[in-house]
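Chain lettering (A, B, C and D) follows the sequence in which the chains are written, and residue indices restart at 1 in each chain.
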Amino acid sequence: MIYDVNIDGQDYRVELAREKSGWNCRLNGREVALDAVLTRANVLSLLIDGTAYEVKRELTPLDLHFWVGSARYAAEVRDPRSLRSRRQSAGAAAGVKKLVAPMPGKVVRLLVAEKEQVQAGQGVLVVEAMKMQNELKSPKKGIVQKILATPGTPVNAGDVLAIVE
Amino acid sequence: MFKKILIANRGEIAVRVMRACRELGIPSVAVYSEVDRASLHVRHADEAYFIGPAAATESYLNIEKILDVARRSGADAIHPGYGFLSENPRFARACGEAGVKFIGPTAEAMELLGSKTRARQAMGRAGVPFVPGSSHGLEFDEAVRVAREVGYPIMLKAAAGGGGKGMRTVRSADELRSAFDSARSEAERAFGDGEVYIEKLIENPRHIEMQVLADEHGHTLWLGERECSVQRRHQKVLEESPSPIVDAEMRRRMGEAAVKVAEIGGYTNAGTVEFLVDDKKNFYFLEVNTRLQVEHPVTEMVTGLDLVHLQIQIAAGEPLPFRQPDVQLRGHAMECRIYAEDPDNNFFPSPGTITLLLIPGGPGVRRDSGMYEGWSVPLDYDPLLAKLIGYGSDRQQTIMRLRRALHEYFVGGIKTNISLFRRILKNPNFIAGKLDTGFLDRLLQHPEDDPVRKEHPEIAAIAAGVFAALEHVPATLNGPSGGSAPAPAKNGASNWRQAGRVESLQ
Amino acid sequence: MFKKILIANRGEIAVRVMRACRELGIPSVAVYSEVDRASLHVRHADEAYFIGPAAATESYLNIEKILDVARRSGADAIHPGYGFLSENPRFARACGEAGVKFIGPTAEAMELLGSKTRARQAMGRAGVPFVPGSSHGLEFDEAVRVAREVGYPIMLKAAAGGGGKGMRTVRSADELRSAFDSARSEAERAFGDGEVYIEKLIENPRHIEMQVLADEHGHTLWLGERECSVQRRHQKVLEESPSPIVDAEMRRRMGEAAVKVAEIGGYTNAGTVEFLVDDKKNFYFLEVNTRLQVEHPVTEMVTGLDLVHLQIQIAAGEPLPFRQPDVQLRGHAMECRIYAEDPDNNFFPSPGTITLLLIPGGPGVRRDSGMYEGWSVPLDYDPLLAKLIGYGSDRQQTIMRLRRALHEYFVGGIKTNISLFRRILKNPNFIAGKLDTGFLDRLLQHPEDDPVRKEHPEIAAIAAGVFAALEHVPATLNGPSGGSAPAPAKNGASNWRQAGRVESLQ
Amino acid sequence: MIYDVNIDGQDYRVELAREKSGWNCRLNGREVALDAVLTRANVLSLLIDGTAYEVKRELTPLDLHFWVGSARYAAEVRDPRSLRSRRQSAGAAAGVKKLVAPMPGKVVRLLVAEKEQVQAGQGVLVVEAMKMQNELKSPKKGIVQKILATPGTPVNAGDVLAIVE
């Protein structure tokens, strides 16, 4: 099995083959003496040349991360031989940025109107969750093309709330 | 002793109080809102009653509904926890009228000590040092005069205040007008009371508080201080006892001042007297928290006492079972408040489902938690999920122990501030005990100082490949094994074991 | 300080030592056998090396393999835990020869104090009270004479003994011959050493031991006693500190006797001096355990010290950082040893997969555990899974706290002795502190006294129906949600919530 | 849905019907005000007239148990409308008793031979597990019809080791 893996923006190719005596692993073509045990769901114990790593998989509706010890890595995994891919069309339309709800909550206020000009970092709207009002800021300088949120309505994490171009 | 205790709260503090009830052999009654049916406090209770929608005003803050559950269940006492109705004298009074014992101080003590201006007046009469300023609500003209007298910079504060609301720092006379107006209207909106007073600003103070305990027979004791200077937006994040700067003599003086405050207020049960401490170790009375504090466990660890047991015993009319000289402070304790919030993204709250939970154990580690794996954190309440408390023979050991425990702690599926504590506990100023209420803000201005280095992206890559490969092998190896199988978690370990063994010998 | 520490053990004690290493900033190295690749101690280590088949003689007891891992990993010290090689002087010597520090006493001290007869001789010279009898191996003729002198009933014991092997109670002269022969041959088989000696039988003694700590600079201290009278087949089940019968004066005398024993033996590092105590509170030296004990946590809780930190610091040549008057004993601690065994069926061992694990938390609860949900307990080793330790301000609070913690504790899929502790902690004699080594046998003779009443078969029936019904609804409600889904545990809660709410208002 | 449930030897009929407003529950024909939430796999929270019960399900290769608080109940569940039944043919052949391995381990010794007479409670063979030798005893007085275990071989929990008639 061959996987193209992107970790924090860096690409890796991981080749794994099952053999009688274990798994054969190559990382970017280089052989790795890998010993892997899934100890419980989402927790992998890796031993490589004696060094032990506990790797946790964190899969949320929004994204995929792996934790190696206390460090968290954003990941995308693609199997070149299948159509299953977690890579999103990220590069597309670099000039358009979506303002996405980072958590579920309730939209309490809009701070700008459609077609209005905003600065990078300027507040666009306010979402309330867990007793706190959280100002969501524009990811870039530009024009607010569209506001998809309505004050008083609940939103889910990942919902697109506004588009800035 | 009480026959049954209702806990008018949710989350970790409700669980903590229920544990004390069970240890005392008293059945506990939970109340829960619409979004809390599956919450841990319902699982820990002997009885549980639904009290309404998610909105706290219609459930946990609704006095009538809570007293109705007390009546239906036959509870003869109510523990309010912290937050919600815990400092509401109207609730304490309503309990009394309903013939249910409120586990806390009297409504009168709450009213006297809960108003900051009334409390300041009382402290003045009793000779307890407090921050210079006014001790009553001010009109603007008076504010101008008082500010000039105590000298800028000053703080404007709401008499009914809390949580930083109605609070303004004023550095010069020309800022006063607009600050005064906005503080007043904010206080009016937040507390329905626009009373505002002035305190001299103590620059970069420490926030140190003293735990007191008073029975209903006139005995009042102090149980040592807690240093609570690690704060963000006036919200405590980490607390410890003892304070790195308080020695035995200062502790005794603060303790005696705190006992005097409690006695002036006719205080009973557990309470906390907060002080500001300046860089010359002068301490000034700030306010009284007329409830059990979130951070009470650090005092429990250094005294070896259980404050909730003692609260219940005091409320049942028992005298304190020890005297001041019997209180033995030993070792060092520190608490990390685990919040559902994202320290890497403006501390945005992070409700959602906890998909994986690995919890620390071993020596010197206490967990007071309201979460479990599989539980969905509702978006309707305070983001405090759990408290991790470390104990060690000294401050250094406690810090290292908490770092170890944080290494073991993992909450997956939602964001938490666990990584923030790794930073705090490795910060040289923190380790040196150089703290003030500005410490955390300064630390957060240097995100590049994060001690967690991303040194192993290639390990993450390999793991990503292995997880993907495991999903390609038959479902019994990796995937959960279907309806009636008891252990979806056991998965591929045994099959991989053989492989692992051979590889590791290479 | 050491650069890297190898832990020559497995299970909860390996995890516990690794935690101490991490707290001291020292990387830890695990070793594991074929069946332990997925064990918790491998997950907690910084490095891990395979050392052979499940059989301990070919892995955890294999000195050469372990020293080979030390060499390969660059470990400069070895912590042996308890059991396995921990009391093997040959191992301690081999470590020294390999240039690796053995964290424990010297081989010489082990040899002197590990032989019961040699230790008794030394105690005689030093004037430490020990149980009357012989202090050297006996032939039968001599045994007849000694038995007559000390008076029946007597105990025959193996000099090299442990775990009850080669031990016989003899109540009259005509039983002596056959008991002597069988004790001798059993000792020969078990230890390769048939040496047998006589001790007067103390009827229904208490087993009380004293923790000692000695640095390599001549300082030896005692840290208080542990009462270990709750035993089954000479195996400790529950331990506590302080003992219900030891007062400050007796504690000081036992402590000083224990320090004398350690000093006679040239003892360094942590060790335990065991005493038998008769019904008049006379105490008699029994033996020395030249290692960290399973039950060391109760001493840690009442002293506030970390014994493993201290062991490592002592082995690194550091002097003890405190003196005898600095040791502050406070409160009460008790440990329950959680074994994989079935108390309802002859205490048969119960290896297998842990399908569900609910663990206690909150105030005064410490868990030292080697298990996790989804792990398969191998059938090759000692059945100790975990230790649950409770701390309280007094014995009564500690008992109630442990009962509460046991209420929260659940291990599914295998049998454990958790229910036994419920019985012990509710037993009136136990609560009154009326203990001796026969306590548990007497309790087990009355299975009808089990305080857990089966009062709710109809609730079990309803639950059985609900679980079955949940399996009939679509898989997303109850069943695990497939390969890539992170949370097989979340299941039907939200769908049932609505139902639950309405029903609970009826 | 109707289930015949046997708890510690006692039979119960549990009727559960899903309704808009929740579940309708009858136990032996009597209505029960049931509120049930599966909080996590195998852990059920029941509220009945305000009283809270936490029920754990324990399913091993050998048997099914439910724990209500700290009390453990042996259970068999049968759905009368389906063929799925966990009830074993227990009543059959009352005169024949099987000696079953209560845990995995290794047979180390036989204490009797086939066709030998044994007393109830007499040791039949010894299985070693977790460093302990465990004597398995005859469930009844009778003749050892068959011994299915061989010294030195591993056994699994639930394996029939001998038959006494």
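What we mean here is this: a contact is a pair of C-beta atoms (placed from the backbone, for glycine too) under 8 Å apart; a residue touches a chain by one contact, two chains touch by 3 or more.
Remember, predicted model here, so these are calculated numbers, not experimental data.
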Both-way neighbours, i.e. chains that touch chain D and touch chain A: B, C
Chain pair showing more contacts of the two, B-D and A-B: A-B
Rounded Å distance between chain B and chain D, as computed from the means of their C-alpha atoms: 46
Whole-Å separation of chain centres (CA-atom averages), chain C against chain D: 31
Chain B and chain C: spacing of chain centres that average the CA atoms, whole Å: 36
Multi-partner residues of chain B (each touching 2 or more other chains): 37-38, 48-49, 355-356, 373-374, 407, 412-413, 478, 480, 484, 486, 488-491, 493, 497, 500-501, 504
For chain D, residues contacting two or more additional chains: 35, 37, 39-43, 47, 50, 57-60
Chain B partner contacts - residues on chain C that touch it in the complex: 15-16, 19-20, 22-25, 34-35, 37-38, 44, 48-50, 297, 300, 304-306, 308-309, 328, 330-331, 353-356, 359, 361-369, 373-374, 376, 391-393, 397, 400-401, 403-404, 407-408, 412-413, 471, 475, 478-484, 486-491, 493-494, 497, 500-501, 504-505
Residues of chain A defined as touching chain C within the complex: 35, 37, 39-43, 45, 47, 50-52, 54, 57-60
Residue ranges of chain C touching chain A (in the complex, touch as defined): 29-30, 37-38, 42-43, 45-49, 72-73, 372-375, 484-486, 488
Touching residues on chain D, where the partner in the complex is chain C: 1, 3, 5, 7-8, 10, 12, 14-16, 18, 21-23, 25, 27, 32-44, 46-48, 50, 53, 55-60, 64, 66-73, 75, 77, 79, 102-105, 129-132, 134, 157
Interfacial residue positions of chain B with respect to chain A in the complex: 340-342, 345-346, 348-352, 355-356, 358, 379-383, 406-407, 410, 412-414, 419, 422, 452-470, 472-473, 478, 480, 488-493, 496-504, 506
